[in-house]
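Listed next: structures, encoded as structure tokens.
First chain A sits with chain B, and in the next complex the same chain sits with chain C.
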Partner chain A sequence: MGRVDFNDVKHETRTFAGVTVPVSVVPRFKRQAYPTRFLFSLKSLVDGMRLTFGYLVRPSTVVTRQYPENRATLKFPERYRASLKFKFDENGYQSCNGCGSCERACPNGSIILETRKGATGKNEIERYIWRMDSCVLCNACVEACSFGSLEMSHDFENAVYDRRLLVYTLNRYAGPTANVLLKEENLEAREAMMTKIDAYGGQVPMNGYALPTVAALGTPREKAATDGKGEAS
Partner chain B sequence: MTATSLTYFAIAAAQGAFKNVTVSERTAQAFADGSWILAIVYIVVALGGLAALVTLSGLVLIYVERKLAAHFQCRLGPMRVGWHGIFQTVADAVKLLLKEDVIPEKADKAMHLLAPFLSMMATVMVLGVLPYSPILQITDINIGVLFVTAVSGFGVMGILLGGWSSNNKWSMVGAMRAGAQIISYEISATLALLVVVLFSGSLSLAEIVQSQDAGWWIWRANGVGFVSFIIFVIAVTAEINRTPFDIPEGESELAAGFHTEYSGLRFSFFFLAEFINMFVVSGMTATLFLGGWMPFHIGAWAGFNGFMDLIPPVLWFTGKTSVVIFLIMWFRWTFPRLRVDQLMYLEWKVLLPIGFVNLFAAAVVVLYNLYPFPILVP
Partner chain C sequence: MTVRVRTLDELLTPPAAGSSALSTQEYFVNMGPQHPIAHGSLRLVLRLDGETVKEVIPVPGFVHRGIEKMCEKLNPRQIIHLTDRLDYLSAVMNNWGVAKAVEKAANIETNGRIETIRTLMSELQRIQSHMLWWGVLGMDLGAYTAFLYAFRDREIISELFEETIGARLTMNYVRPGGVMFDILPDFQEKVKKLLKYLGPIIDEYDTLLSGNVILQERLRNVGVLDGKKAVALGCTGPVLRASGVPLDLRKLTPYGRYGDVEFNVAVGSKGDCWDRYYTRMEEIRQSMRIIEQLIDSIPEGPVNVLRASARISIPEGTYYDQIETARGVLGVMLVSDGKSPSPYRVHFRSPNFNNLWAVTALAPGWRIADIITIQSSLDLVIPDIDR
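Our next item is the complex of A and B:
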């Protein structure tokens, strides 16, 4: 067991092919005699054991987070990604206009967008379906969105007993973006442009909606296999 | 048991009437007296006691290991099942019992089924000769040390058989490594053990404990005992395949080593055998070097010695065994795993020469009577 003593490192300048450069000269690694190595290795073993014993006798060194107990005080890194979420402004209006960038950016088709022609003739979102069961949380959709409508939230407690509960509807209403809505001064006219959908609040189970491969909740699987398309219940 | 018989028992124990009376001797006496019912009761009690010891110490050791491992690594360990997870191992045992027992299609079925039992049997047979207290020993055979060495060497058969019959590369490699390792380290363990045999002049475990009446061999043997204690602890740690010598089941290279293809009850047999083995080798270390059930005495301090005598021998044995178990667990959660060549280097080039020199020195000490303390010939 030999060690390089960094106090012995010499700093000097040397000339190579006419160029003078600063160099650090490290002393050659010297292998010690057998008894020294033997004692050194014994000492290193004892050092290690002393360290672990220190951890054992001091319970304050526990570093793991005790999850269900510390639920109220959980802290996450800022860029921690647990589930996809829509951004809403202070009025509760979305900025998503259904352009479909996220749908195209999604590597495995976890985002399904359904759009409609709005009252103003513009494209607007009808249903924004996010399939958490196939999502890999790669963040590509958030980066692809030109309008900043999406974000990754820290809601990580997403375990459910039915796979179909992992299909979320992210938008709260089918209708135009905040920009379009705010141009209309009349509140009632604004309301008329929007069709309410259950608010996004965690486990919103497709709202009775069915996908080609996923039957709506409450539909028997046999029945779902035959007519599993479109609005089910 | 009535109060009178309890008193009688206490007096008899105090007078040494039960000194070194093993269960087997009592059974033989009962047979000779013609009361075969009593003899059968003794046999059933001995077997039941062994089964209870195996189960209980297995459950406790696994729990302790997990808790210690956690705290050595700045964690908390099991915390959910019962107070501080105290019933976690019970829950795990129930789970293992209920699990499906999968036998690979291309495995040698008979051998595959036999292997865990061989492994377990070798362990349990050693438990039968350990002296837990002067009145608590299943049987004291006069070649106890030889028996323990032979039978614990038998345990490697189970591992080899399990690895070979699984018909799996990982299992095979793990079993071969286990075979090479256990057989190599048995030499060092035996050399260390021979030192104690030299000093006590007996192969019987009960007599070895008796011979430490005046002082434990770890310090009474002029330093030779301490060296052989160290060698013995290292060698048995390797023999029971524990870190830093756990290359037969090195997870990073071999999946799970020799028990890759085992599941359910059979896996739990291997697992349990591993932990009972730890108890066995710790008990052997305590018996050989730390005085077994002998209380701790200091020379002429009569008051101190009298106080130490108040603690029952069983507790002395358990305490000493626990200390060695803690030491072995401490090793496991501190040291990194050795490579195969390093393992063989340590055995053949370090431990074995030291062991031989140590044995020679011990022989000289015994032959020329070089110790400061008088040796007690039992």
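Our next item is the complex of A and C:
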């Protein structure tokens, strides 16, 4: 036993602001004479060292994970949020109809939706832009979507050298939802409704696309400034 | 308490002579904005006589992001994600603070399951937060081992959060009207396992650090804050309780499921760094008690009483609600004009801002090394100070 007896927690009741509060008064120091105090002090240091060395000789207690090496076996919980993803069905069709509830739910404008009038006269998605550079992964968009078109994926290694690479286009094609497409039996007619977005979902340099504040990557600075699509950052 | 306001002229006058018989001068030293003990960007201007601190002038504001102003453009659901970034170590509790204020304002009734899950998560987070503080206090005082031990065990709770919520730090979990996700089927079992593991671990912490004579001598009788002064400074949380004032909102105005459970409020008797240290250690044990009592009695029910797309309209008026986070009282004030979905004005009474000024009362007379002890024992999270 050292200078402080850790089991010496006093349990009392006190009245504070008209409420009876049960309290635990934490232990304090005991008076100890010189030789005892010295020996106990020495023992306290030895105790700590013994604990540390105890772990040293028991390799089974090591908890370190070797991250880049264990990449293949890394497992993430189902709900882990690392980046936003579109859900596609087995045909590769999306269920997003461009209603914009995710755009409204987003607290910092990280989702930009561009819609167009489709062949059936309904609104359909043209480009679903997700700005990872400002996204906080708060899950508000996934929660707000009543069609289950969005999900959080586990791809967490998103570091890039240029922040413009963090602007993603999530949809693979501009066109109607799976429901509308499956009504159309003729495959060719189906294809006609969809405009492929050649590069999708990956780290594509803005898809050659400029936002008001972000210039398309690969565009020369001067060109970006003159064509008015945005300024190079 | 008197407030001393100094003019610029007064500050610019040549420093007074030091107390030594030799010809010495007082001088100023900047501690921070980048200093390992600040755990963030906090500048402390020290007026020193030799190594003795005469005065501490905290200069906060380096992490100011204008969160309160941002809230004026967001609806109540969107405000939640900003509160993760106040005191990031009590993210769930901050979320709950806003959710509670909004529920009070908009008259939203939650159910037992929601309140139980919120209470459980808050207590897990309190343990996690105190564990991190324990490790960091050790590291500040030169015991790097403690830091590694704390992070080893904190990881278990982090993983629980990761599984249930999907994030480890900025969780955005508690929403007005409920929580974002239901708990997983094996959550209860995992928490029980965790509690079984934590009991001996906290004793191990006592052996490793609390019992260590070097730590004891560096904390004992250093930076004594008496109860009256702590109240006058507006300190809350473990800092105030260590001074012997049992102010704990979980007891005084029970919210969530705190009214149904038995637990003690850990208090100190003297108000020195040791009391602040051991109050938190005791709080970990009390939090474990709360979780133990609640983990088997989670009622059935939906985890959100509102639809995700439901509009939350706050009637015109001013609303205030407060919650006990790991560091003290977080007050949320909402002013609504009754027309727009976003509040007209939001103010957070953050615990760390008030706790910070305790350093001005505690530090004079101590050495520079003791400032580190004192600041570490106050457990400041800088983004919560600046907001």
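The definition used in the following text is that the second predicted complex is superposed on the first by the 170 of 233 C-alpha atoms of A that agree within 3 Å, B and C clash if a C-alpha of one lies under 4 Å from a C-alpha of the other, contacts with A are read in each partner's own complex, and residues count from 1 in each chain.
Assume contacts are C-beta pairs under 8 Å (C-beta built on N, C-alpha and C of every residue); 3 or more make two chains touch, one makes a residue touch a chain.
Predicted, not measured: the structure shown is a model, and the values here were computed from it.
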Which of the two, chain B or chain C, is in touch with more residues of chain A? C
Applying the document's definition of touch, where does A:Val63 land relative to chain B and chain C: first, second, both, or neither? both
If we overlay the two complexes on their shared chain A, which of chain B and chain C does A:Lys30 touch? Say first, second, both or neither. neither
Let me test your reading of the model: by the given contact rule, A:Arg71 touches which partner, first (chain B), second (chain C), both or neither? neither
Tell me the contact category for A:Thr52 with respect to chain B and chain C: first, second, both or neither. both
Which of the two partners, first being chain B and second being chain C, lies in contact with A:Ser101: first, second, both, or neither? second
Residues of chain A that lie at the interface with chain B and also at the interface with chain C: 45, 48, 51-52, 63
Which stretch or stretches of chain A touch chain B in the complex? 45, 48-49, 51-53, 55-56, 59, 61-64, 66
Quick one: which bits of chain B touch chain A in the complex? Just the residue numbers, please. 68, 71-76, 79, 330-331, 333-335
Okay, in this complex, where on chain C does chain A touch? 74, 77-78, 80-82, 145, 152, 155, 159, 162-167, 170, 172, 180-181, 203-204, 206-214, 216, 220, 242, 245-248, 251-252, 262-270, 274-275, 278-279, 281-282, 286, 308-309
Help me check something: in the complex, which residues belonging to chain A touch chain C? 2-4, 6, 9, 11, 14, 16-17, 19, 21-29, 40-41, 44-45, 47-48, 51-52, 63, 76-81, 101, 105, 107, 136-140, 143-144, 146, 152
